[in-house]
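What follows is a single structure, and I will ask about it in a moment.
Chain lettering (A, B, C, D, E and F) follows the sequence in which the chains are written, and residue indices restart at 1 in each chain.
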Amino acid sequence: MNDRILSENNKVIKRIFNLDTNAYMEGTLPVVTKEMIGLATSMVLKCDDCVYYHLQKCYELGVTREQVFEVFSIANLVGGTIIIPHLRKAVEFWDALEAENQQ
Amino acid sequence: MNDRILSENNKVIKRIFNLDTNAYMEGTLPVVTKEMIGLATSMVLKCDDCVYYHLQKCYELGVTREQVFEVFSIANLVGGTIIIPHLRKAVEFWDALEAENQQ
Amino acid sequence: MNDRILSENNKVIKRIFNLDTNAYMEGTLPVVTKEMIGLATSMVLKCDDCVYYHLQKCYELGVTREQVFEVFSIANLVGGTIIIPHLRKAVEFWDALEAENQQ
Amino acid sequence: MNDRILSENNKVIKRIFNLDTNAYMEGTLPVVTKEMIGLATSMVLKCDDCVYYHLQKCYELGVTREQVFEVFSIANLVGGTIIIPHLRKAVEFWDALEAENQQ
Amino acid sequence: MNDRILSENNKVIKRIFNLDTNAYMEGTLPVVTKEMIGLATSMVLKCDDCVYYHLQKCYELGVTREQVFEVFSIANLVGGTIIIPHLRKAVEFWDALEAENQQ
Amino acid sequence: MNDRILSENNKVIKRIFNLDTNAYMEGTLPVVTKEMIGLATSMVLKCDDCVYYHLQKCYELGVTREQVFEVFSIANLVGGTIIIPHLRKAVEFWDALEAENQQ
């Protein structure tokens, strides 16, 4: 679907997608910090797909389960209990990542 | 899933879950008023799972269909027409509660 | 400013303003319950002016300080810590209402 | 479900549904402009069902694919990357509308 | 302040500001339609400064008072009564634009 | 005002304020990472007072201007252009922190 959107030749959308890659690249902050910020902001804005994307990245970068729960806890506190359904889905996704890689 | 989250030993998340029980307990306001407030705030913040939870509680506490629609009407007016899809799901859930209990 | 907006002859806006009066009128739920629901939904959606309006109504209807804090506590829990600046303003407004009326 | 909600005899909800029809009728702005505004506001507020509704209307009114992408691009820029999952669903819906009508 | 932000040499922010200009340029949709979409999305997301910016542009492009109220009415209906304080500020701003230009 | 709120003896609010301190304490993630997460989530949720609080903390912890702009850039991309007015205020606040400390 991303390919389809990008093939559309809408310059603004193309650049937003491009920026989405740029913003999380190594800078004066390490990639892992940026991914955790991406994860937390996605969670408080209740974007499950964005949460999954950043969880995948965090997992690949070696973020531990305990660390990811600390990110969740800040998002949950800042965003309130309406975040809980998104927290549940995020934990489920993280569990699946761990299960996949333990085999 | 709640058990799994709570077993994680993240103190902040545990306490938020704990507060979620405390906040709706009998106080100077009756439980039923608090549940209706929980319902309305969940609806304007578009959290379907939270809406279902509070609808269940309202039903158990004897809130009538007409009363629950008055709560919906305030949420719909305050939150605008983007609340309508959540209103539809809420009515469906309430209908199911009534159907279950009429048998 | 409301008069100016209503004099504009835009039917949709006029009716929304009119509904805003209707929705909080005595129904199967008492006015005071509706005002507390209006207060809580306004707070989680971070609308200070709406919060002030419903606080005024609650005060006139005899809602106690302890009760209004119970409404605040649900809004704060549901909406998270980003609600705190709006909670501060609300408490300030309520304090002013009490001070005015103690003279 | 709409019929069921409207049969409920809740005056506030009925009028909101009624206004929802009124607001998009020909005025000093043409229907097509209003539908594009309805589409963009629904998208930034992440209401997929509302997006589908306005996409259907836009399609029937002859809005082109290129134009609809320009509406998407503004919504995406104003609302940020958390809009992307809703953009994906919107493009999928639009593709289906085009496919249906090319047969 | 914009100059200061842009002088910072943060590529992502610079490009977002740049896109903000691009997105509202003449395309297959006329500038005036895009500005009204920018206005409505800003209003439902409760960004007063953004609303003022697009109102200014709309005024310069010859949008009439009646048309701008039709945009407001859709935003108010979609976003609910919590939009009203932002509607008030928007009307005040528009009135000032008209007053300035009648002298 | 915080003292006044806490003196109210509302257990739920007191605990939320207490958690707000706990959540940002050293854990498996360093304090500085947590503060940057607090900053970014506050920014996308458009809470200026929360942004100022976390900026102050970040400054005290030695976060550099370039790093804070990287946090801003993610928030701006994730939350869209409606974040820009909050970005402006944040830069102004950061500038004041730097100016104060250069004397």
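Operating definition for what follows: contacts are C-beta pairs under 8 Å (C-beta built on N, C-alpha and C of every residue); 3 or more make two chains touch, one makes a residue touch a chain.
Computed from a predicted structure; not experimentally measured.
Between the contact lists of subunit B and subunit F, the overlap consists of A, C, D, E.
Judged by contacting C-beta pairs, the busier of the interfaces A-E and A-B is A-B. Overlaying the C-alpha trace of subunit B on that of subunit C calls for a turn of 180°, given as a multiple of 5.
By residue number, over half of the contacts seen at E-F repeat in one listed pair from B-F, B-C or A-D, namely A-D. Between the CA-based centres of subunit A and subunit C the separation comes to 36 Å, rounded to the whole angstrom. With centres taken as mean Cα positions, subunit D sits 31 Å from subunit C.
Separating the CA-averaged centres of subunit A and subunit F is a span of 20 Å.
Across the assembly, subunit F contributes 12, 16, 19-20, 23, 42, 44-46, 50, 66, 70, 73-74, 76-79, 81-82 as residues in contact with two or more other chains. For subunit B in complex with subunit A, the touching residues are 1-2, 4-5, 8, 10, 12-13, 16-17, 20, 42, 45-50.
Put simply, subunit C touches subunit D in their complex at residues 11-12, 15-16, 19, 22-23. Residues 16, 19-20, 23-24, 27-29, 33-34, 36-38, 40-42, 44-45, 50, 64, 66-67, 70-71, 73-75, 77-79 of subunit C touch subunit B in their complex.
By the touch criterion stated above, subunit B contacts subunit D in their complex at residues 46, 65-66, 69-70, 72-74, 76-77, 81-82, 84-85, 87-88, 91-92, 95. Chain contact summary for the complex, subunit C toward subunit A: residues 44, 76-83.
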